[in-house]
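Let me give you the structure first, and then I'll get to my questions.
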Amino acid sequence: MTTTAPPPTRSAPLPVARQRHYGRWVVVVVLVAVGGFVTFSLVTNPRFGWPVVFEWFTSERILSGLLNTLELTLISMVIGVVLGGVVGIMRLSTNPVIAGASWAFVWFFRGTPVFVQLLFWGSISALYPVIVLGVPFGPSFAEFSANDLITPFAAAILGLGLNEAAYMAEIVRAGVRSVDEGQREAAAALGMGRARIMWRVVLPQAMPVLIPPTGNELIGLLKTTSMVAVLAFPELLYSAQLIYAVNYQTIPLLITASLWYLIVTSVLSIGQYVLERHYGRSFSARVSRKKTAAMIGHAA
Amino acid sequence: MTTTAPPPTRSAPLPVARQRHYGRWVVVVVLVAVGGFVTFSLVTNPRFGWPVVFEWFTSERILSGLLNTLELTLISMVIGVVLGGVVGIMRLSTNPVIAGASWAFVWFFRGTPVFVQLLFWGSISALYPVIVLGVPFGPSFAEFSANDLITPFAAAILGLGLNEAAYMAEIVRAGVRSVDEGQREAAAALGMGRARIMWRVVLPQAMPVLIPPTGNELIGLLKTTSMVAVLAFPELLYSAQLIYAVNYQTIPLLITASLWYLIVTSVLSIGQYVLERHYGRSFSARVSRKKTAAMIGHAA
Amino acid sequence: MSTTTTTTTTARAVSGPMVDVREVRKHFGHIEVLKSVDLAVQPGEVCCLLGRSGSGKSTLLRCINQLESIDAGEIFVAGERIGYEEKRGKLHPLSDRAVARQRRSIGMVFQRFNLFSHMTALDNIIESPTGVLRTSRSTAKARALELLDRVGLADRADHYPRQLSGGQQQRVAIARALAMDPAVMLFDEPTSALDPELVGDVLGVMRDLAADGMTMVVVTHEIGFAREVADTVVFLDGGEVVERGAASEVLTAPEHASTQAFLSRVLREEA
Amino acid sequence: MSTTTTTTTTARAVSGPMVDVREVRKHFGHIEVLKSVDLAVQPGEVCCLLGRSGSGKSTLLRCINQLESIDAGEIFVAGERIGYEEKRGKLHPLSDRAVARQRRSIGMVFQRFNLFSHMTALDNIIESPTGVLRTSRSTAKARALELLDRVGLADRADHYPRQLSGGQQQRVAIARALAMDPAVMLFDEPTSALDPELVGDVLGVMRDLAADGMTMVVVTHEIGFAREVADTVVFLDGGEVVERGAASEVLTAPEHASTQAFLSRVLREEA
Amino acid sequence: QGDSDEPAPAGSAATDLTAMLPDDVVDRGYITVAGDASYPPIGFMDDDGTTMVGLDADIAKAIGEALGIELRKENASFDSIIPGIQGGKYDAGMSWINDTEERRAIVDFIDYSQDGSSMFGLASLAEKPASLEELCGRSVAVQKGTAQQTDVETASTACEEAGDPAVDLQVYPDQTAANLAVKSERAEVSIADMPVAAWQVSETDGEFELFGEPYGEVMHGVAVLKGSELAEPIARALEQIMEDGTYESILDEWGMSDAAIDAPLINGEPLS
């Protein structure tokens, strides 16, 4: 900064001209053009087969596939959250065997493709034709045929749920560790027990850290359910595939399924957003720092 | 606490007995038993076909599949990180069109199954036989056959890379937002430009928040590459499938592929751990609070 | 502000010291942080722990409350051995449950308040009485409101911690500790994270508490407060007690060199 | 500690005030935070801004440095209009680049230090000179070491922020701002996040800086410092300047009621 | 047994054959038969999305009636059928499965039809290959694990030995992906079992066309676990429906009389 002439003495303020961000507007124009072109092409290109899409969109087969997808997603997610929570908390244990078992669980299930896991559960009868309930290397209480016990649906749930649990375990671990040690100490100093501290103090405060990745997981799981096609379980995508295997309307049916996925994901995202905001509001010190300052300032 | 008799006056300290955690040991015994049983069964059950696993483990077809998987993963991840970074930063723009475009990108690519995206890129010529380079609704400069431009490999890369970019965008967004506003302000107050602030101040500090989910993404992507089977591209899992489709050694070959996945995931996890520790060490105030206190204490 | 409605926190009937720390040692890694520390605090006594940063003041408080385990020595609170029980002539470490039970009669106030950020001031206070002592919600609530009134925050019951200033948060934290009806209160630099403007209110509450006869161990840098409220003062340096005595004597005429240096340094800053 | 080796920061040759704030207004949402504030700081002058929490002190500093935009009024630093340029009789908002350029001659020190946590003390200091001013690395390094020496931290060049105490971090932050050779330094409560023990060192550095003739605007609660170092004192209350004048006069005999209340409150705490 | 010249009354014949079935199967009351539902007209899903229909389903039904027991068709991806039989998940597999030497290591086949493979592709393709020999240098999409995959691999080797360019072989996870590759011109030709190819050509309004003549007649069979006690009764049931004309009329109905065989075989051998 050069030290120029003294600033003009008090005078009428100069008019202010509007600011122009040329570079930015170029980006905007390009984005709008691309967006417009994509939309235009989607609508006008006959190869997308919109009439076929609309014909199938609310057909019974697609809707029942959708229902199966939702059901699978929901049940697997519940298993994932519950089991993942247990495994994630075990991982923080000071006992090396417990922490190690948790580590091994996560290592194995994150390290192998879901596809293989599903196939494994689906063909468990090829490996263990009979499942024996009992003490390892000890007496057995009951025997089941693997095929009776593990139906395709059970295999799907097991495969997806266990896999999800491994991912959720990592999320829970990170979430629990994100809560300030001081919170735990304060709770301990008040005479709370370990379980109580976890449930009443740590987990609720880990929520803001838990929700976004859990939301992502849920959305991911929704789409991973399409893997159960390998078990011939007709969820949304596989239903569409079975249809186009016969009528050869491949692209319109893939679009039909994708539209449903987009809709469900959008709904889930909105839910996630609402939850995030809810927890964000009562927790985040960062966002509301200034507002808080205002409150304190005016209350003082 | 009842106020009992006064504490004994100074005397020789009593001997200390060892502590026993019975409940914990039950858990440990169960875990060890289950672990032992699983290992035992893995080794002794002939249906796992270990000889076949070893025969194929280092076969040329499996190794070339592995190489394809690694190549796909690497290239898609690079695309994902770069594009995701751009999209993630765009999302934080104050310009609604730019932020909106970024939102739409993420919404679309996270909302539809990768499988469909891959099929779409693979059969793009069924939708757009000719790709025209030019201004939308304006003059065109060059025309290409879609199939020449988008080879199966290119389709795989596009499908996986764009999808990954959508996920990375969310991660980058969260990472950038995790860096204290004060850092940005301090950099701005020193006269740094926007790009410089992002590169030199914000991104390096976002690393601890970026690395764990990016590591997860990389491991996830490694396994998602198996989806490119639908483009007849023989990566690791599909190679194994092609082999067992002929020789019916389904389970041994799935184990072969899974072992490779486990190995690669383990290597990646170790890399992630090292990186996390590296960044953790120079950043995390939490972990090293006490050590710091010690330093200050002794230096003061 | 400080309306002393009820005087529930009087010294308990204990013969002998309320807090009795005997030859306690503690090390982290290779560093010996406490080197055979002795400390006795009588019922109703206010004891201020002074000492420069890193001298082991916080560690000592944390040992009393079993947030850290000790390597050697014994600690008694209200006549009860802390952390161990005697059975057949041997010391057995207490179970987690028993440790939690012992902690209930020791109130602790932290430098960084550590209010549960997802609960209102009221919920912070009643969480432990209802959840741990199984007090009925209505009883706990009535008592909590009384305590809030006592720390001058009767109108802030429904505020979340982030809606309170640091000083207000710290006062809620004190109320929270008092709600468990502790035999002794430990304070770890309760005002050093506060803006200067807000320090006074917190010290005021502590002053009232002392006047009501609460046994208190206070780590602080506020020499003014120590001079006015403390009965005894203990100086720690490098994990050892270098000086101890009546507050009036030690603070005006310190004998040990490091105490003198510390006091002159702190007082200079306050000028 | 403070070895004043070179005296590079002398008042610049500016005729008229170094900082000239004219009728500046600023609101957040519906709250008017600055209500037509005027402030003139002459070259070499040390001006202390006092006022209770929420009175708008930080906002005023941030407006001078363009971390906040202003709604009305004008600001000049070293004779140059801040945030706008005059072209053909109209005011055009400056581009991001030009704003960045203007900020280079305004040093700012924050309450929470804001050192770049991934860089050593030395790297924190040379980052901007090398990256923005394109000074050679060796020149920047030599100068940085000189500045570190000046703030008494010559032996801490390779330490990361987390390895430094708050007071040390703040001194590095001052050195970092000085490395850009600013025409004026703004301080926003530079000592209020520090342990009392560590306040002295930072105030010492600021004292030296003032003695060297640096133009300074300091928001602080340290009345002792203001009394000793400030040339002028300005009281803000509710976004308005309620009192201003020579430090000696205003601090001993405040005229306005809110100033009196503020001073008596702060001084009582310090006793 | 059940070997008489005149068609026996359905009831009594059923009783005869039922007696041949293992007791546990009779007690259970049904036999599970896996088939791939993405393989029209052999096997596909009815409009309700849950019932498997097609040629195989009809034949299975007729066999079931002859045996006096229900044959339950279950959907399974093609490459999981034989592993499923291995694991006891399914009792049998019917999905126009080629009776090959490799497969006989694991399962027994009760052969019930015979046909060749057909090449097909877009009707707009410029040079249409008429035989495997003309595939050198062309791109071909096949489903993984099929006999056609092996055929093309052999042909490709032959091309290279003759100094011609190899076949660009693309192996897709299922026939629909292979079809899509042809449709999007990634591959010029696909090869599938003749009825499947013919069905696709007829269903797509002239977009696709059969190229050349079908080649390489092979047997298709019902797969059961090696040494299974089900092989004999199923073969006898097939024999019966072949003799009473049911078999013929089913093939006619699906326009596939060409694939008919005279008498069932087990692993290529006539029944004793």
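Lettered A, B, C, D and E in written order, each chain numbered from 1.
Assume a contact is a pair of C-beta atoms (placed from the backbone, for glycine too) under 8 Å apart; a residue touches a chain by one contact, two chains touch by 3 or more.
Here the structure is a predicted model, which means the values were calculated and not measured.
Separation of chain B from chain D in touch steps, taking the shortest path, is 1. Ranked by how far their CA centres sit from the centre of chain C, the chains are topped by E.
Work out the mean CA point of chain A and of chain B, and you get 14 Å between them.
For the pair chain A and chain C, the distance between mean C-alpha positions equals 44 Å. Chain geometry summary: the mean Cα position of chain D and that of chain E are 84 Å apart.
Shown for chain D are the residues in touch with two or more other chains, namely 52-53, 101-102, 104, 197.
In chain B, the residues that touch at least two other chains are 119, 123, 126, 180, 250-251, 296, 300.
Annotation for chain E: residues 83, 86, 180, 183 touch two or more other chains. Against chain E, the residues of chain A that register as touching in their complex are 60-61, 64-65, 119, 122-127, 129, 145, 147, 229-230, 232, 234, 239, 241-248, 250. Put simply, chain E touches chain B in their complex at residues 79, 82-83, 86, 102-103, 105-106, 141, 144-145, 150, 170-173, 177, 180-181, 183-186. For chain E in complex with chain A, the residues that touch the partner chain are 37-40, 44-45, 47-50, 74-77, 80, 83-84, 86-89, 174-176, 179-180, 183, 200, 203-204.
Contact residues on chain B toward chain D in their complex (touch as defined above): 180, 182-183, 185-194, 196, 200-201, 204-205, 207, 282-283, 285, 288, 292, 295-296, 299-300. In the complex of the two chains, the chain C residues touching chain A come out as 65, 67, 96-97, 100-104, 106-108, 110, 112, 114-118, 127-128, 131-132, 160, 162-165, 173, 176-177, 180, 197.
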